[in-house]
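The following pair of complexes shares a single chain, chain A, combined with chain B in the former and chain C in the latter.
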Partner chain A sequence: MKGIEKRLREEAKKLLETGSVSAVLAFRDGYDGDHPVPFAARDVSDADAIVFNEYCTHNLARYVTEYEPGTKIAIAAKGADSRALVVLIQEEKVKRDDLVILGIPCSGMKDARRGTVIDEATTGNTVNPVIHDIMLADQLPEPDTSPYSVLTDLESRGHDARWKFWRKELSRCIRCYACRNACPLCYCDPCFVDQTEPRWADKSPSLESNLMFHLTRFYHLAGRCVDCGDCSRACPMNIPLYLFHKKVAKECEEMFGQTAGMDPEETPVMVDFKVEDSDEILL
Partner chain B sequence: MAFDPTILGIACNWCTYTGADLAGTTRIQYPHNVRVARVMCSSRINPAFIFRAFELGADGVLVGGCHPGDCHYSTGNLYARRRLAVTKKILDFAGIEPGRFKVTWISASEGHIFAETVKAFTEEVRSLGPQTKFAVTKGNDQ
Partner chain C sequence: MVKKIEHDRIQEIIAALMEKGILYAPVEDEEGVNFHLVDDPARVTLDFYNTVQGPKCAFFPQTEELIRYRMTHEGADAAEVEPDESPQVLFGVRPCDVRSLAIMDELFCGGGIVDPYWKNRRDNTTIIAYAFDTVDTVDFYGSFGIGAADDTGADILMVKVDGDLLLDARTEKGTALLAALDGLDEAAAEDEKRFAAAVEGAGALETRRIDTDCVARDLPGIFDSEFWQTEAAPCLNCGVCTFVCPTCHCFDITDETLFSKGRRVKTWDSCMFTDFTLHASGHNPRTKKHQRLRQRVNHKFSYYVTNCDVISCVGCGRCTRFCPVNIDIAGIVERARKRASSQQINNQ
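Here is the complex of A and B:
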């Protein structure tokens, strides 16, 4: 991790010195070393503040869409960040040429709030960046575990038991929208839930309006969610949103045979179709 | 009194709605439980419509569109097929019985098939009982 931090600072300095990018998206220390926060280094003097350790879990692809189109940005991208960037490129929210992707292979990252190791139980566990311009460390072996094995228990339960589970979880939602704000792919302005005409869901938390918000959000991320797990880590009520996102991603993979965010040349599955799609997917 | 389900039908203007019309003009009897809303194409359907219908107390939702390949707009129902398939999986994982949501292709000349589909779907939803999960204000299991 220290080696990556050193290389990250060097590359950031180089890029900012030559003026080839206007910002380097990375991390700096928060109130202590164990709580890093996302940071945009805009000047060479900022580069020394950049840190990278096992708590740097935020998906930085979330900040790319905040810049004016055409702004050149360098971004420190872990496995899931790079997949989110691929989806943003597919959706033409950002141009590949405007990005300098500093790839960081990493595993064994830790959730700063809970202190637990982040693995395939809560995320897609993508270890190596799928696209990069500069790699900051050697590629690591990809794990052979399935990110979907955590679903087996919930899938095997009946509909009533699943409803009980989600009712318990989703009725806790306080509608702070931390999940949406942490998500690199929730870039809509305005979000459907902020619209007043039509008013898709009530603003105040209640089980009905929470369901409306979350189910529609799960749908909006179908075939796009890269399973970075940032929504669940951001949730102050510890709602396991990743379970639903994993389920939708798994179904999309099975039905349409494409994993989200792997190849910038692909079209996201929900804005595409195949004539040979079977009607069996509707059963 | 026997349970009388409330079902939202969403029918595309060019095929299923015209098919429903044909069922009416040829005087085929079918249950009155389906309230049909007309959309210009099955791809007009935002999955949030379906979540919202269940939230507002629908016991079932029936979506009808043109047969794949016959879409008035060439490809609309091919997009809709993918969208509604994902919607179905989401409802299923959230705990809504899959029998409460059905997508079917009915052409403008298939009035009798429309009537049969509505009959079969109404009976299926009737056997599942009232939908009290999403329709929390209507249910009493809180």
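Here is the complex of A and C:
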């Protein structure tokens, strides 16, 4: 990854020198090297502070929607980050031409807080960016594991057992909204859960209002979530959110034959209609 | 008079404490070790560095019912929920977190209006502090004059030494509680020595330090600086920092009604949320995230000092440990000081 860091700094310097971008979205060191912080380099001198290591797990596409439309941005994009960018392009939140995508093929990223290696159990395991302008390293071999095998256990349990599982997990939610705020595709302003007229979910973290928040959020993400896992990593209460959004993603893929965030020319499934779409839900 | 119990028998002491009142203690749960209302002694643990959240939940729960009501044809039939007066025990609290309670006292009962929900519980709670025996790289409680085995504000100080828990009362409340717990053994002279040695050893532990001297004086000068935009750039504006923090205390009051029945509740709120300062008019003075981060840092390190004579931070490090993007408040304060001093130099 030192090679990637070096190349990232070089490309950032070039882009900032020529003024072709206003900012390069990358990472800098935090209070120590194992806790990097997302960082927008704006001057050439900022480029020296850029780092890239196995702890640079954050989906930087999250920050793209903070910029004025039309701002030229370069972004260090890992696999899932690139897919999130694709969804943002599909949804016209950003123009392809306004992005310089610095693709980073990588695997073996680590969660410093939990001391775990991040893999297909908690992410979509998209090791290679699906869209890029400049690739900062060689493509990695595509993994032969499925990002949905982690669902097998839950899927094998009956309806009542699964409902019990989610009621237990979601009662732990403290409604900090780290999950929503970490998500690159949760950009609604205002978010339904912040509305007071009407109030869709109570402010207090009762199970009922937690269910209202999470179930609605997962369905708002159907066909859009790119399985980056940032929400699950952000959660201070270790709620396995990835199990839910993986299930929603899997169902969408099976019903509509399309994977979220792969091709900028596609339209996300929930805002599109094809004659051959399943009408199971109506029957 | 030190009392002791083998650490392996901790469940006995927990069960005994549960009989004395509502017990909040560190419990091993899916999120890690966190303060919970204890219903099962087997789940209490002292095997942790610090808990996910601070112990403020024992006095300031995330949801507090204030009023229950029912709509009838005649109008609203409402009844206040009486503030709780049950005796409580708070077990296994690290010294920095014990200090947080005194800081919150300034707000909730420091002057003018007294919050009965907070005060009742504080008055009725016996606090058993739990000394640190190691330091990690994130804590900075030493910056506030808090020691690893500091007993300020504790009714009982507890240390874990070899396989034993040694407890020593620091107040009358503490003495009374220890006397009432049958399962504890009287400590031998040897144990008294071990207790003293543990406290001394903890006294030598050094956390990282930030200079807190006159920080309240420095911060206002850089209020308009672009410093805040830079520092706030990675912030996600979630509420993790405020919800794990032992000194954050902002709350909201809302009515939760279903058909004709409902309750008025006080719930934790967060200055980091986008709608925290949203006015009924629709105006929002803090729409940008740098304004909110600036507010949080200034509130803790400047405004609270002006209003209550103490910094509203105990350096527990939780906000840093749990921030999804690794923002470090200690680092922000240090850089703010540097910015303030270089600005002063430039202005001269």
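In this text, the second predicted complex is superposed on the first by the 279 of 283 C-alpha atoms of A that agree within 3 Å, B and C clash if a C-alpha of one lies under 4 Å from a C-alpha of the other, contacts with A are read in each partner's own complex, and residues count from 1 in each chain.
Here is the rule we use: contacts are C-beta pairs under 8 Å (C-beta built on N, C-alpha and C of every residue); 3 or more make two chains touch, one makes a residue touch a chain.
None of the values given here were measured: they were computed from a predicted structure.
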{"item": "Which of chain B and chain C A:148 touches, first, second, both or neither", "value": "neither"}
{"item": "Chain B versus chain C as contact partner of A:222, first or second or both or neither", "value": "first"}
{"item": "First, second, both or neither for A:275, with chain B first and chain C second", "value": "first"}
{"item": "Touched partner set for A:113, first chain B, second chain C, both or neither", "value": "second"}
{"item": "Which superposed partner A:212 touches (first chain B, second chain C, both, neither)", "value": "first"}
{"item": "First (chain B), second (chain C), both or neither touched by A:242", "value": "neither"}
{"item": "Contacts of A:40 with chain B and chain C, given as first, second, both or neither", "value": "second"}
{"item": "Shared chain A contacts, counted only where both chain B and chain C touch the same residue", "value": "206"}
{"item": "Residues on chain C engaged by chain A in the complex (per definition of touch)", "value": "29-32, 52, 62-63, 137-138, 233-234, 236-240, 243-244, 252, 254, 256, 265, 267, 269-270, 273-275, 320-322, 324-328, 330-331"}
{"item": "Chain B partner contacts - residues on chain A that touch it in the complex", "value": "154-155, 159-167, 192, 200, 206-208, 211-212, 215-216, 218-219, 222-223, 244, 247-248, 251-252, 255-256, 269-275, 277, 279, 281-283"}
{"item": "List of chain B residues in touch with chain A within their complex", "value": "47-48, 51-52, 55, 68-69, 75, 78-79, 81-98, 103, 105, 133-137, 142"}
{"item": "Sites on chain A touched by chain C in the complex", "value": "30-32, 35-40, 58, 62-63, 113, 169, 172, 174-178, 180-182, 189-190, 194, 199, 202-206, 230, 233-234, 236-239"}
